[in-house]
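Provided herewith is a single structure, encoded as structure tokens, for subsequent inquiry.
Per-chain numbering from 1; labels A, B, C and D assigned in written order.
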Amino acid sequence: MTADTLRRRVVTANLELVRLGLAVLTFGNASAVDREAGVMAIKPSGVPYHELSEDSIPLVDLAEGTVVAGSRRPSSDTPTHLALYRAFPDVGGIVHTHSPYATAWAQARRGIPCLGTTHADHFRGAVPVTRQLTAAEIAGGYEEATGAVIVELGVDPSAMPAALVASHGPFAWGRNVDEAVENAVALEAVATSAYRALVLRSECAEIDGDLLAKHFDRKHGPGAYYGQPS
Amino acid sequence: MTADTLRRRVVTANLELVRLGLAVLTFGNASAVDREAGVMAIKPSGVPYHELSEDSIPLVDLAEGTVVAGSRRPSSDTPTHLALYRAFPDVGGIVHTHSPYATAWAQARRGIPCLGTTHADHFRGAVPVTRQLTAAEIAGGYEEATGAVIVELGVDPSAMPAALVASHGPFAWGRNVDEAVENAVALEAVATSAYRALVLRSECAEIDGDLLAKHFDRKHGPGAYYGQPS
Amino acid sequence: MTADTLRRRVVTANLELVRLGLAVLTFGNASAVDREAGVMAIKPSGVPYHELSEDSIPLVDLAEGTVVAGSRRPSSDTPTHLALYRAFPDVGGIVHTHSPYATAWAQARRGIPCLGTTHADHFRGAVPVTRQLTAAEIAGGYEEATGAVIVELGVDPSAMPAALVASHGPFAWGRNVDEAVENAVALEAVATSAYRALVLRSECAEIDGDLLAKHFDRKHGPGAYYGQPS
Amino acid sequence: MTADTLRRRVVTANLELVRLGLAVLTFGNASAVDREAGVMAIKPSGVPYHELSEDSIPLVDLAEGTVVAGSRRPSSDTPTHLALYRAFPDVGGIVHTHSPYATAWAQARRGIPCLGTTHADHFRGAVPVTRQLTAAEIAGGYEEATGAVIVELGVDPSAMPAALVASHGPFAWGRNVDEAVENAVALEAVATSAYRALVLRSECAEIDGDLLAKHFDRKHGPGAYYGQPS
């Protein structure tokens, strides 16, 4: 994959966040990584989505965190993305959104319980929420600490491709940035239906472990039969 | 009806699910049956809606459940559709969606009470919710069991053209697939207004039986006077 | 105003209901009256909005209730519209919608309290809800009785251009059908914000009578200074 | 800046209110000020958004409140805008909307607590709500009094670029009218997520002061590193 391809995918993914209603103004960012080249492409900071072009996408060294190409300053959330890529070696793309329902769960500091099969199709159980950051973490290396509290949750990133940062919002990831966007869409859908289910019945039971495993595994397990043979 | 016509209608109905906001990603599927030919056309599994073409629609033998035409694997929910077509001989089309409000009711494991005349125009009483599947049902023939618990509800499919599968989402049907889509739209509308009515008054009374019968029958009964003479 | 003009306005108003999100499927209808000619133009029953044309709009005699032009059957709600036109001599247009929030209020059988100035700009106080119909009213002349319970509310139609029918949905009116559509839009907006205000504070106080009068009168009163001089 | 430029920006900002879903019908207005020329350009009263043109935008003398150019009557909320421009000398643009969630908070007479970092990115703490107007204030110079109760809140307009008027709706401002629109968008986003967070957890804690300061200051403080170097 050339750097141009990486950047083009990042432009497209960022525009998808807007088109799909997951971000307004400049509230959100998408990145993709090229593991071989050791670089991450990420949205530039504070640039409106409609002004994004491939040239405007900074490339950041995965190990050093330094900008290696591009004249624009990378997203202020860059250290969060880097922390996740370093901890999750199979992840190829990450999106951070402020999609409305997932953000409400993050602000309520509640994980999203698994109440239905669509949830189970994408996330193997409740989507977790981080602990709050300490004053020391906020004062020193705030954005890196944001990544660290996600990693601290100890999830298997292939079975749980999203997490909520308390008082902040959701991060979602995947093997590539398109899959990360898809998981962010699924996260917002399950955040929405779980919210409304709880309004209808304040003590909703989570779905049975058998049903959870069945749905996740028919799509992602060794004998998966959802989708077309690859 | 030729197989091409059947497939074209299924493509159109699946695209309608997206256009009408009843499905995102690949969350939903529509099928139609040709009783004379003994075949069902259904969405292929895991194929994005914008990639659907008539050629991509599998034809499945209604009695045997085997694919008789098309190179793509049919929806993983195919056994659910087949179970419904076998139990409901006058049904010609079925849609499964994850429309947001109907899914919330399904996840709360509550049927949708009949709170208004629009509900009564389409559904003769509360839209029922299935029982949960047992571990044994999940382990063996899960998707067929999903159809079986709908059938177990014992509804008259012409007076109650939809049901909610607990912890899952809605299925709707009709004499043909266009009518099934229409019923799925009506279901989401009544799921939405019933949800909000319950927020406004947690103990909403269902409408009187007289009013329910009046609205259903002025549209569907023997002396129906809604719509144009057929 | 020619009959063609009357019909054209009714086509436009019905299409506006869909465009503005006040109606889905065939859930809603708009009518306009020509007092001099003694006729009402109204949506035909059960015809999809995108199939409406001027020719398809029936003309109904205001006094007799008989169809005087057009080959299509008029809306099944025709007797409701006629009852309102007969009781409200200055009303020139009526719309019946199932706009989502207003319908939820109707289903909860609650009037919409006046919680804000936008409400006061359009409606001089709480939007009322009708009583329920009796079994006898449902059995005999149901649609006419629906109009009668609205009239029974005793509102001044120029100060209160809308009402909710219990377990059913909203009707709105105006000096002409464009104004009726505008009032239906305003009704849905105030139904939405009042719903959410009550979620945030279950015992919201209605606005003071002074503020209510100020807003309604600066737009509609004798010394109105909102809008352009006419 | 010429008067034409000022008017063009006001036309654009008003159209943005509609496009962004912050206003329906004629519910909202945007203004911009030219401090050197001592004039404010503002939406004309009661004119539909799609009929706005540069010529239709009145220019109002900032000190006197008189119309100095344009044949249309200015927004009835003109005295409110003038009161804010006079009290807040660094503000260059103001928008008044009835965006749905912010209006619900205003109608519930509750300020919007700071529950998340997106809120902190734009507003340094809870967005305040005004007291109610007295009968005397409503009777005499109502619109000017509306501005006065906002000013009475005593906010630093650069750190708190919005306020809610009780029983009415939001006002937002900025160094120019584009920034005012952006703040109105951010306000609606945080009003939405705070509403839902409170539904999920009725006693949501506000975010820590450290986190609030970090987010506001990384974007607006002296060492800001969000966005591109200016």
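The definition used in the following text is that a residue touches a chain if its C-beta (ideal position, glycine included) is under 8 Å from a C-beta of that chain, and two chains touch if they have at least 3 such contacts.
Everything numeric here is computed off the predicted structure, so don't read it as measured data.
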item	value
Superposition rotation for subunit A onto subunit D, Cα-based, multiple of 5°	90
Numbering shared by both copies at the subunit D-subunit C contact, with half separating same from different	different
Whole-Å separation of chain centres (CA-atom averages), subunit A against subunit B	32
Subunit B and subunit D, separation of their C-alpha mean positions in angstrom	46
Sites on subunit A at which at least two other chains make contact	195, 198-199
Overall pattern in which the protein chains touch one another (line/ring/star/complete/other)	ring
Residues on subunit A engaged by subunit D in the complex (per definition of touch)	24-25, 27, 44-47, 72-73, 76, 98, 100-101, 103-110, 132-133, 135, 138-139, 142, 167-169, 195, 198-199
Touching residues (chain side subunit B, partner subunit C) in the complex	115-118, 182, 185-186, 189, 192-201, 204-205, 207-208, 210-211, 214, 218, 225-229
